[in-house]
């Protein structure tokens, strides 16, 4: 890929710092780079002034810097001030991603497709991918090698399913979703009756999973089908690697859940929540909108909508938790006292 | 599917509440539903009287209710009192599941099969499934697409292996087991010698995994092969998604282990234990029968057979943990005191 | 396999205890076993004198014992004193493993291979394995069935990729690495901008993952690609099942990370660290060399190089944690006091 520097100035409403350069119309950059690994032709960005040493040493040709940044040393690179260097840079990253994806079109053989399957235009089916019966797939959907899609599944346009994703029968997936490698959508829920002899009698899952638009599910994460009804994940919600979402869980819009978190059965989570890595939430609870749980919190009761921030197991208000923990740590030096 | 209502009355020893209905011999229901999403032809159930508002509003045709339930309002649905509404309902769910499974028969091509493989009657091998050499598979085994089965594996009758399950060489799997998508059975154990230069020397695994009858292993869960000998999971034990069972672990019968739990190497767990989500158990320990560990407990010593319930890390008796934690939480208001 | 006993004496610099045996030149053992499951022809080992009862009862033909061990009862087996019985035994285990691996050569059909792929001698490609374009693979690499390898990937010689491993574009893998079933290398990182409306804007990953020589990645573990630059894992580092390594993490040489641990984005971990199961490390931290974190520790700040051992969440020095926790546990009996 190539980006004309003059065009980038216009696009990002940028301002060039090093007027000493004679910037020709055909001056361009051709790859993205970090400042430390920068090479001629590369474009990098200065995320924070504390990295400005790297800026003055980089061999990259162009660096996006905050518009209020003022260089204190000469730099070999052309510096372009923009409102949000990282966001501008991310747009270029996204262009690269898109160009890779657009190149994935057609079918690699062998690929398996059942009966009564509808697939939209511009889609990709990788080798050894499997699509069951009665499946409807939108335009521009990319199905990587070794993906499994069961029967009666619906997938919206522009959705990506990376290698080894497994989608069980009756799952509904929205548009522009991303399912990372090995994610499992719609596995059987973990629910049992206890028999008189204390053995288990499985409660089957005949419900499904519904992912709204713009949902992302991380690598090797698991989302179980509802016993009956739906396990649902709201629009724009992002779920990281190795997260467990149990049967009949409902998650609202634009919530983020970091790696290895686990949410037990039938729990409801609101919109705009931020749940840290390795948190756990017990079953049959409700978290309102905008709840934040810091990494490893263990949530054992419901919390209402609000800006509460949780820590600890069982979890409570983070600032209080820190105060308690500070006292707890003092025990080390007072351990001979009789408390 | 269709269920004749008169037949259901007999089967579940049920009692119809709404005698105003004239129930004809050919009156039937044809799908399962929740009360809130109920539609004509549907059968639902009332799990708990607190949901009785849903009962009076549902459009389902038939609702299973507790036999001692007395409606306080008219309901459009036919109400059938039964001893255990959810269990009766689950039997119908299981019928649906079975009918889906029974339809899976034969081989989808391409599928790979090694030499000296024996497969029983009525089995299914999905496309891109792989079976190595010297494998013995019982009747009615369903091998979904993209399953991997190594050499010298034995699988009992009526076992299900969902898509992307991986079964390593020499694994033994019982009858009526369910392996959910992406589960890995028999991966190499995590054991090393430390060399003089502090690098690691792997201890290979030449043992195997033995799953007894009626075992379930959740999606993307991992069970490592024994270094030598067996990693074994007893009859009827159910393991949830993303659980780690390390090399040489032995688990008894009818134990339940919830999602993301982890059991380190060579630990022995008894029968009828209940281990919550995200618990961890250190290596070389023993838990007796009927031990309960609540979610996120971190178990660092052995516990004998008994009705102990564990919490915290390191874990101890739950009721004591709660008392300690209640005191811990008071520190927030006393943090300026000198303890 | 067969091992001549006289040859083993020489190889391990061993000493036979039971001089009553007339050891013939063609005396050999032909399989490895535990003492309890020992059968004629088997070779076992005595790990610790506390298991010596098993030694006197075993039916194995040959047992490796510590060279300073003195039998107090007659044993049916030939006893061979060696410096490190388990290490010697593990060498024989490794031989078995190698012989299994050496037998894996050639291509099982169908297997998919893109354009401009170079594969070394003596390699194996299992059925339904997928290799993209512009891939370079060294000698003796074993690619099990259903492995996915994206474009522009490099894999060093003698590396094993077990079934269902997924390797994303641009990944670099060293020599003698082992990737266990279902491991995902190079998935997209979990990084987002928050838009003005509180929805998320993904930051794409255009970096990659670099695994040095002798790295092992456990079953269903996930290692995310760098946003830009590299997520890197140093030589000889061993990572267990279901571990999460986030984008831009850097891990030094010969570090061990046990199952279900999670390391958040951009954190740097030194060499020779020992990180227990289910530990969590927050993002943008630095752990120096030789840091030990016990199982379930939650690390929320950086720690310098040194022999520190961490416990708790937030984690601090283990011995202090134990002292604090001992006091915490006393609250159960003092809970009516006003602290």
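Order of writing sets the chain letters: A, B and C. Residues in each chain are counted from 1.
One rule holds for everything that comes next: contacts are C-beta pairs under 8 Å (C-beta built on N, C-alpha and C of every residue); 3 or more make two chains touch, one makes a residue touch a chain.
Fair warning: this is a prediction, and the values are worked out from it, not measured in the lab.
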item: Mutual neighbours - chains that touch chain A and chain B alike; value: C
item: Copies chain A and chain C touch via same or different residues, half shared test; value: different
item: Length of the line joining the C-alpha centres of chain A and chain C, rounded to whole Å; value: 27
item: Multi-partner residues of chain B (at least 2 other chains); value: 110, 128, 146, 164, 182, 220, 242, 260, 278, 328, 330-331, 334, 339
item: Of chain A, residues touching chain B in the complex; value: 110, 112, 128, 130, 146, 148, 150, 164, 166, 168-169, 182, 184, 187-188, 190, 192-193, 198-206, 220, 222, 224, 227-229, 242, 244, 246, 260, 262, 264, 278, 280, 282, 298, 300, 313-314, 316-317, 320-321, 323-324, 326-328, 330-331, 334, 339
item: Touching residues (chain side chain A, partner chain C) in the complex; value: 32-34, 37, 86-87, 90, 93-94, 96-97, 100, 108, 110, 126-128, 144-146, 162-164, 178, 180-182, 214, 216, 218-220, 236, 238, 240-242, 253-254, 256, 258-260, 272, 277-278, 295-296, 325, 328-332, 334-335, 339
